[in-house]
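Below, chain A partners chain B and then partners chain C, in two separate complexes.
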Partner chain A sequence: MFLGYIFRKLSFLGNQYALYRRTTGPYDRRSMEGAAKKLDKSLEKNLACLKGMFSDSCDLKIHPLELGPDRWPAAILFIEGMADNNKITEGVLRPMNEWRPEGTLAAGQRLIEELAKKVLCAGSIKPLSSPEEIVLECLSGNTVVLAEGCTSGLIVGTKGWEKRSVSEPQAETVIRGPREGFTENICNNTALIRRKIKSGKLHAESLTVGRRTQTDVRLMYLDDVASRQVVDEVKKRLSRLDVDAVLESGYIEEYIEDAPFSPFSTVGYSEKPDVIAAQILEGRVAILVDGTPFVLTAPMLFIESFQTTEDYYSRPLYASLVRMLRFAGYLITVFAPALYIALTSFHQEFIPTNLLFSIANAREGTPFPVLLETMGMVFAFEILREAGIRLPRPVGQAISIVGALIMGDAAVSAGLVGAPVVITVAITAVASFLVPAQNDAGSVLRIIMMILAAFTGWYGISMGFLAALIHLGSLSSFGVPYFDGLAWTRDQEDTIVRLPLWFMIRRPKAIPETNQIRGRFFIPSFRPHEALDEDEEDADERRGEGT
Partner chain B sequence: MKHLIACALVLLCCASLSGCWDYRGLDEIDIVTGIAVDKDTSGVYRLTIEIVDTHGSAKEGDLGAKYVEAEGETLFNAIRNSKKRLINKLYGGNMQTLVISRQIAETEGVSVILEEMLRDGEPRETMSVVISQEETAKAILLAEGIDSKIISYEIHDMVEEDNRVTAATVNMPLYKAYNAIKGTGNSLTLPAVHCVQNDDETVVEGNGIALFEGDKLIGFLPSKNSIYYLFFKNEVKGGVISFPVSRSDDSVSLEIKDCKTNVDVSVQDGQAFVALSIDIKLNVMEIKSQLSISQASQRKALEQQTAEFLQTSIAGFFKEVQNQNKIDIFGFGRQLYQKTPDLWVAIEDDWNELFQNADIQIKVDAKIQSAGVLKDY
Partner chain C sequence: MRIDKGSISGMQFMFAMACYIQASTLLTSFVAAVTTQDSWLAALFGSLVCLPLIWLFRSLMVMFPNQNLLEILDEVYGPVLGKILGAAYCWFFITLASINLTDLGDFTKLTIMEETPNVVLLIMCILVAAMAVRKGVSLVTRFSDFFVTVAFSILVVSIVLVLNQIKPANFLPIFDQPPIKYIQGTHIIATIPYGELVVFLMIHPNAKMSRRDTGRYLLWAFFLGGFTMLFIVLRDVAVLGNTLDMFTIPSLVTLRLVNLGMALSRVEILFVIILIMLLFFKIMVLYYISVLTVAHLLKIKKYRNLVLALGALMVTYGLTLYPCPVRHAASAQETVPFIWSPFEILLPLLTFIVAKIRKLPVRKEM
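And then the complex of A and B:
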């Protein structure tokens, strides 16, 4: 019966999935009801129409004007807070008030043209006649200028709202490396990337996603490096998106990822421009979403989670050491509690004798079976972590002290849990922060492994490990094998060890790209006198290549 | 490289396939560290099972031991009967020592006990098997340990260390002991232990080697002779050789640093020959005479004397075994069986007689490496 229930649930999900896969083609963006196709000649009518389209919002400001000596009626519309007041005053209001036209005013299209060419002062001015488009422009912070007798309005670029300045990202901190992070402003974010890659080949493409939020989404990739198929695939999946709202890049990630049911995420993300620039340079496509500092990259490889920017900013030997540490840390965070359970309840003979004695001694008198004990501690850790993230920072500190120090210690001395469990869970918890990108998957796998270990011991763990490997091997991200780099023997220069940068002359083969070579192989000279000559030659050659 | 990885993976798989497939929490088991097997006159097995006392704090010194006694008509019965006195199940995966009483070894032999231990999947196959020279095997387990309160572990480590450092006993894990009984031409030897007084405490001391014919105890080698036995087995890894230097009563003590021996047994026309060649490296540790081994001539002389001493003592020991024990305790038969199986089949029944009349030829190559860390002496 229970199995039947699960089966029905799964088939329901399958149907939903198939439904989702079948819906193709872009959705109809022009779905605003009751809107006129074109502007009217009468200003009054136009204003009433636009007001209606804004559903009489109080933050829509309509400022009536009279042009020239003839007191020709006109109006400007903007959304309070979205448009820069200074720009409106200096670029729109003042010139229009001070405008003294020679002779009589030309009505209709001429008036609009004259305004655009002679009067208004702004970076971007364009005429628009469709009310919907006018509404959209207005909503994105531009100012609309309307005049009596004109069937089109002028859109003046006055975007400007309060925004956070570029600051150090909270989620990805570094010791060595750039400290700037993306902000919520998409223009700013594209500029940050462009500042890293000053190349005309860096292609940016704009899309709008979200029926109601009309969120700005931009794709960025290197035109001559990124593979056409991947770019087309990303575009195809984005175009399929038919949702009400996109508030964060996570929305998009969930809609475009390859394996929605997998614990592993198949779309990468980062908050740092240097990371995204590096990804783009390796042939990936970056997806920027307005309103969030997190930029997505596709395709993503499993190995990416273990690579950090600092690996490339510090020297290769140490970087390789840290890389290996990260792999070990991930294995620990997934397997340590499960191993503890398996060893203490099935394979006591595996434990060194003296260790066995001290574990047995610690287990003596604890009331719960080892699975419950370990589960409880892992659960407690997850609670503490969640509490630490959500709470205001000063309180969060107190919570972690109370949780980690007092609760752990008290639980051990009260005999509720054994000290080895606390140690195991503590090392698991600390190790989980080594690979933050795979933390979600790690948490899920950890619990699965623990249950397997509690029922079938080490056998269960190895089966679980195999299943995880098979699953990882079967995943793909935008047509790229997800486990590439770890499962195959190619592309080994940047996996378990990080070879020197001058060794990595090719872009990773796993990511399909049209331009493989990234640099020229040379070993930095350690002979100081010869180095000078070689450098000059190198420089000459490079100049030769450039032209 | 690929083969290496494949091998590593296969080995990894082995790790995951071992172990017992039943859930048993650590708090539901009593960890057995050693068992002493006795048999009383009425033919009932009396077991003394040492278990770790996991109560109390591990911080204050090491954990103590507790003892469970059990009796039964058979060994397995007795082990099961012990459960009547316990809440928890006995767990033998970390058992290190099996003490067998002299009486059992002499009258009914050890093979039943060893076999029972091996048949039960749980007990560690590398545990030490020792023969008690006391009245009972229990007395050994109830002795006090100097380093640890768990005497079984102390015995296990002691036997291993003794074999390596003093060459006073053999190191015979359970599986090897059983192989020695069952293998053709092999003979079983086990370490023997007894109790001695040490600083008002009764402690366990290794005391030579117990000799077996088949699986029955026939005698003991005193620990001073053990090293000569080990020469034949190529198991000398350390130890001390002391002997008087000629023309005076002063003696030298030499520490064995490295020793390789090679035994060659052959039978020709009804006469067995044993050729023993020893390649031994030594350090001078104690010297009472005015010898200076930095001088080549004196060192040569000392080496010569060492070789002679070893030759005569080993030859004497061999004669003693031939005359007193009258059986092949060295397992020469095994070598013959492996080398010339056909011949072995023919002489198997007469082998002990052949052994008693066997000729021995000993070649010793002694090298004195240094005088400890001193330079000139």
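And then the complex of A and C:
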């Protein structure tokens, strides 16, 4: 808590300094220096000016044209690779080449209008006269048409670049459920969400973030469900964002999250449209960032990390079992090494005698204290995991074989570490994959717990647990208490157990303010053929109520 | 002047009080040493005697719904006398917190960490508690419902586990001791767990509850906590009989006796952990209230700066209070109830009577 305070203070001072710098000198306009406010009449001058603004890049293609029989000079500009070549040929080049105007060409502004109305074939065409805006449009893949004597250019929508098609997400795989995942293209991602929620109330809002990257960011939320406070807070934090670059949603996450120094993340993310749709339906705000398949959601609750989509696609009894397993797994991954350390170094009397003998046997001759031993193994595991992720897949498998078989087995048989440590660390590692969203927090907590256990045994673990609880209780995400939903007395239908869907009549109370009722669900009758016995009207009525 | 602007629901308030009483179950050992196999009678009498006390606290809460204890004292006795009494209460709260801190240290040393220096244990506890205290009342009471649930389930499980050890003959002979012993036991029960509820008069303005609910929540908290205590004493007596006074912590011995085949033995570790958590909760509440009281007396708006300083004071105070756990137990049996009584019973009663006579609080609307 004190570390956070110091860092905050430092960053505040840093910001003050940056603010001072920015107000004293031009900072972000340097690249636009010398740019004219408006386009000139002369094509030559315009081209030179635009070229200058693109700093003479080689991927800016300028294609000179001559219009009609009068050989009126014109030019089109586009960036190679950002614009679709087909669209340019079919929609811009061919019509302009084949255009045979009747009589003389209209001069000046009229020419541009005529071009827009009669000649060009494209979905979106708009005239722009400011070079800065033209540059921006060009940078996002559109084609600019300029003509001699015109003080404005035409922007033709020809965006199109190589992109990945919708495919199964790598990070979140499912057995049952939709297999599509977001792609790097923001329009595509918006459409994927909209395909799930076909409602006019699904509000999408566009922002541009990043001074140099000009990244498209979109907010999506249900207008009548999402809490206004949360939406305003998200917008406020995004609008405060004044950074150079946003390359991935992680950048935005770090800038807008509530507790930057907490091991727990307070902004959720997912790669799957059905997850994001479910979040939006519960009243959260989704933040889509161009160029990444990971979509952020805010506010985030702790319990979210333990809920997967498959919980809702499979039947409630089994889903509840798995849910509890996940909680147990998370407790194991945080506490197992610490418990092992505490048991072997302080509380041997709590180990059953037979187990105690076998542990003592295994630990006989191992050279290091138990903390060092466990720490070393946990460290080795983290190395293996990191190596497995970064390396190309075929090599990654080799790493796992070397790591698991050779290192683990050899370390035990050489007497470097005891077998119980290897078992403990192995179960810790496997359990950590049960809750991937809280994995990084788990790793940090695990190390803290291990150190506490090494010095003060059970007591240290209890205090560590309490401290973690208190820390979790003190967090909030966009004004919503982070630990809500696990607060024991409310909203219990979807926490430790997952009750049947028709039981969850209300949305989680913590998130939305308005429209708490999800809708009246059809509550299945426990005697399904009951309706047949009674008269038809009654049965119809009930069915009508249900839907 | 409200220093902590946070608010909690009535339920939270109730669970916090219940948890507070449950946390004192450890201290039943003090009664056990006095009234051995009749301890459950002492617990029962103590609870019954405390019903009027609960009603007294309720009346004070209802009469002054927006003022905490110090403000009530100021209004009832005037600024000077009120301040003096406030300072006395301040001492009372800090001492209470330090004693409980010592309890935690002694208990931990006795059960799981024999050789760790006391000061390490106390400082760790205070640092963790400070995290919560700095964030205010909502975080301090936040997990009380969790603790109550866990304590309750542990109680039920432990009773089931020792069912095969229970001998009804252990309760005999009943009423075999001089009456003064029963009075002493009742007095201990009345002052140590129940009377200490007076600390909640400091935070009741933060709890959002109506006039009618106040009494209901207090009673529920009383029943939840009281039943836990009664059943723990009953369980210990049923298992251990009149050997109860031989042990420092009878519950621990009871649970150590659990032996179902070879599978379930040594379950007292669970009890130890739960008790550490409950005691921690109690310390956290007392710590918070001490900080609040000091801030209130010194008129400090930002009490956060006080937290660690007062924590350090509590640790040193706690370390120097008693030379050894035996003295601690002896004082809890013989002296503490008499020192606590004025703060917990006499002063609230006097305040109530004076307020009634002076026709306080003056309602401004009428």
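Going forward, the second predicted complex is superposed on the first by the 490 of 547 C-alpha atoms of A that agree within 3 Å, B and C clash if a C-alpha of one lies under 4 Å from a C-alpha of the other, contacts with A are read in each partner's own complex, and residues count from 1 in each chain.
As a working rule, a contact is a pair of C-beta atoms (placed from the backbone, for glycine too) under 8 Å apart; a residue touches a chain by one contact, two chains touch by 3 or more.
These numbers were taken from a predicted model, which means no experiment stands behind them.
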| item | value |
| --- | --- |
| Joint occupancy of chain A by chain B and chain C, clash or fit | clash |
| Which of chain B and chain C A:369 touches, first, second, both or neither | first |
| Chain B versus chain C as contact partner of A:45, first or second or both or neither | neither |
| Touched partner set for A:361, first chain B, second chain C, both or neither | first |
| Which superposed partner A:459 touches (first chain B, second chain C, both, neither) | both |
| Touching partner for A:236 - first (chain B), second (chain C), both, neither | neither |
| First (chain B), second (chain C), both or neither touched by A:179 | neither |
| First (chain B), second (chain C), both or neither touched by A:349 | both |
| First, second, both or neither for A:474, with chain B first and chain C second | second |
| 7-15, 25-33 or 187-195: stretch of chain B that collides with chain C | 7-15 |
| Footprint overlap on chain A, where chain B in one structure and chain C in the other make contact | 346-347, 349-350, 455-459, 462 |
| Residue ranges of chain B in contact with chain A within the complex | 13, 15-27, 29, 31, 52, 54-58, 62-63, 91, 93-94, 96, 124, 153 |
| Complex contacts: residues of chain A adjacent to chain B | 344-350, 353, 356-366, 369-370, 454-459, 461-462 |
| In the complex, chain C residues that touch chain A | 11, 108, 112-113, 116, 120-121, 124-125, 128, 131-132, 134-135, 139, 142-143, 145-146, 149, 262, 265-266, 269, 272-273, 276-277, 280 |
| Interface residues, chain A side, partner chain C - complex | 1, 346-347, 349-350, 352, 455-460, 462-463, 466-467, 469-471, 473-474, 483, 487-489 |
